[in-house]
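Order of writing sets the labels: A, B, C and D. Residues in every chain begin at 1.
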């Protein structure tokens, strides 16, 4: 369903080309003064920067949050916080050639099969626009965590296979891909500091399981690892036992926790692609189609604030 | 908590050195004839084989399931299925030197910090013995899935950095590590076939998110990826769009789904290690201690049936 | 928390004197054409009629629903339906004399003790205004049930101790109470027809348990019974066994289900009452205060549509 | 499903004529020394006394609890507590004439319609035997509450229409009904004392809603009310506002809470009754049948400890 968490619960709604996206934060403690500027700053990070491959639409959305409940003079009442962010920069005409066409790497066809109906303008719920609500709630979660001395941060550590030591070339790589009508992937690393020992549940809701669940729920994510991750499968136990990766038996140890999240390239690319199309007679054919729209050439660049938000939502639920 | 799933719900209990492990399966459909031999066979796979690095204890446990409810002449009633598996081969004396010592890579200390008390004999709930209940329930889940044409399988694809093409050397690698009082890691690949389109939820409970959550809840797992995983972060979008990885927008497409799970080496190794110890005065010191017990030299070898079980529990809840 | 149901889930937000009330309906099936007129008609029933004791505020609110997501041309997409209803007729000045005073029979003091903060204008979340969101979702739930042949209806059967056979005197009784600066209680009876056998869970989530839970969550409700209810405690078994009350072992039998809900008189009355007051020095004193505001003289009169809504939400979750 | 609570969670299993009943208590805090004698005493109260109408079977069951996990030397570890109580006094032959017959007032037919299969020996999950697990968990919950100064008690206040002031006649009334091959109902009153202000949630999970849900989940319960209950529907607001019933806006006020629960007469009576029967050709006919078995003539007499248990489970989850 569209709810994340069981104590600090975020329930979201909204299609990319509908009236608004938004959500309800239930279980936020009372008496917290919300830093609205910090929320706006996080939404700005989500929109991204032109040079870093952000889409034209993202850059045009103002992302003004309307706070509808749960606050009195900016202080939380302990009651549910309803909020909406209106969609203002849609261009549904961009999708006029896609009404009966299913974009590769997108959820168009799987939605149609699941629901028997879909909003063909933009990705509907599958659009990255849905992450606006996650960032609003995640920003508040980070504020709550900060008061407890816990910080959550994330950064891009690889673009198109180039690591941090060659970060100065990332913009050029992204630009080059965009000029080719193509896109590139990347890896985001998250860091949790200041978390005291004892957070996480021992069997199913292990801390690493909740982090993996939350990260894999972000659009375009293909993999998750923590500590040394896949590399540990190649080490010997005597070596691994020397690592301090911040989680033991699913429970935090008090040490820093580092994790990595793999983002595939955005599947919305300008170059012509073969796509499945639904003909009026109900049969499927293949067509060569270009995706118009205004899309990111590298979604990973805008992802760190989303990664932070999801990690913060996990932690605020487990603490 | 100790419950997995919301429709086909498994709740588990049991410490490795207590009376029994077991669980309750709630939400199993009525009218299903349980194949008890298949359950026994899966438990046997979990125990492992001597040459493949299984522990002496695992090999000695008979793992007899006592079915307490929910069945009439072997057919499910639709009511909760209670089951227990008694622990018969414990050797608590193996842990007599560990009562106030915290093994590196184990949950000993994090449990103590979380609960203020722990069962120092074996790993308690953190022991891999807890996975017995997962395999019992997972085996039933696989039977239900098989009737719907869905198969779930898993196999080891890498041990100590050696891939499948050199699988003939795995036993030697494991044996060598054991002789060194050490252990090795591995990678398990899962395959889901026959799943129809439309399974999975679009936002938080994406199919890949539920799979990641379930796999990361298995002891010793450090990473999860599906499709081409981390490699996709280095590809271009035009290339990725040609992949068919079985999930789109969190929802199954009808294609096969492949995923990989990284297991670290078992942290219980025979060689002497530096461990933290709790002194009678409440202070922590360091000691050099050997772990006795009877432990796997490569947990990944016994893991495929656990990976299958968790994938089956995910699917049976989403279908 | 502020979520009702696990399949067709309603999450609500909104204080009586805030910007808006609203909610998210998650899990509504796709492909349903919403009858917006029926929703408006149910909201109109909730507002009540002047003669029947409805408050001036209720009568002034227009209760326009803004639908924000989950719909395409009035048809459900299967995605969450976000909606808001703006508060337009608040008169916060009515509460200026109540900022540090706690009305008897209200949640003012218990909120302050629970959260350490409260919105003193109106009842906040405890106001009957919160039921707007229940009626919106309940109206949709009734539409879904109607397609399955299930009808849910409710009516007042007693006011101030006068049963249906003297219903012609109810308005006079209510009017008299209001003139006295007082209020009266009532009983609402619900009727579920057309429900097929097999709905409800056998142990905890018995159909009658879910109905009781939902009804007792309505403000001002003090009791619930189904079938012959408390009268059955005085019957013999041979007599009770002849009754057909529509539920057996927690599961519907296919017969009609009748239940009754007791509403206390609205506690907001005009006459002077002794109230607890919080003095600037933190001590509690007693004061004689009148409640201004604009309140119902008999909440039971507006309650049938709320009772229907809650019953419909229960059923749509169990079916 | 078969789980009660979300923090202190009881999941139960077991048919009345199966191997055992039992459950898992998940979320019990660590470090609590269980008073096993108190648990045994509560189970003894559940079995009842011969003169007070308890069934012969109940009196014969030893109700020995086997504790399987979650405890070390009688102290809770914070891990799930698995327990079973074997069924030892079944007499399945009593039900040999009922295999294709559906007892009036029982769940026999509704189970068959829901699941397509049923265990015809005794009531299966619908039997009052299922409440053994509730009493085990409730007894522990009461111990936890007692440490926080909260007491939960319950007593019979009416049998067959005779109130407490004529309690000396109850045994005679019950005995008379039994001699007639019949049974009688009763009312149980619960009392919660020492609960501090602030417990309960303001909208759906109101304290009274959770209490109603828990009580209505007990077999044979037909009604619930708190404070003055249905009588308040006949009072004026000025009068009701003077009552202190312990809950305001769904949240405890710190005052005592009193509630009443109506139990119908046990439907298993010895005298001949008309019952529906399923003929070999699939048609339904009517037959005159006697119920053998060994049944209570007044279930309300054994109910107080069950009422206490459910109230305690509600409170321990909300605190």
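The rule is short, and it goes like this: a contact is a pair of C-beta atoms (placed from the backbone, for glycine too) under 8 Å apart; a residue touches a chain by one contact, two chains touch by 3 or more.
Being a predicted model, the structure only gives us computed values, none of them experimental.
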Message = Please tell me whether B-C or A-C has the greater number of C-beta pairs in contact.
response = A-C
Inquiry  = Counting residue numbers used by both copies over all numbers at the interface, does the chain A-chain B contact come out same (over half shared) or different (under half)?
reply    = same
Note = Looking at Cα centroids only, farthest away from chain A lies chain D
Remark   = Note: among C-D, A-C or A-D, over half of the B-D contact pairs reappear in A-C
Message = Roughly how far is chain B from chain C, centre to centre by C-alpha average, rounded to an integer in Å?
response = 47
Note = Per the C-alpha means, the centres of chain A and chain B lie apart by a whole-Å value of 28
Request  = Let me have the rounded angstrom distance from the C-alpha centre of chain A over to the C-alpha centre of chain C, please.
outcome  = 38
Task = Two or more other chains in contact with one residue: find those residues in chain D.
result = 1-3, 12, 79, 114, 125, 202
Ask   = What part of chain D is in contact with chain C in the complex they form?
value = 1-4, 12, 104-107, 109-111, 113-114, 123, 125-126, 130, 158, 160-161, 177, 180-187, 197-198, 201-206, 208-217, 219, 221-230, 232-238, 240-242, 247-254, 262-269, 271, 273, 300
Note = chain A partner, complex, touching residues on chain C are 1-3, 9, 11-15, 18-24, 26-27, 30-31, 66-70, 72, 75, 77-82, 84, 114-119, 124-125
Ask   = What does chain C use to touch chain B in their complex?
value = 6, 79, 202
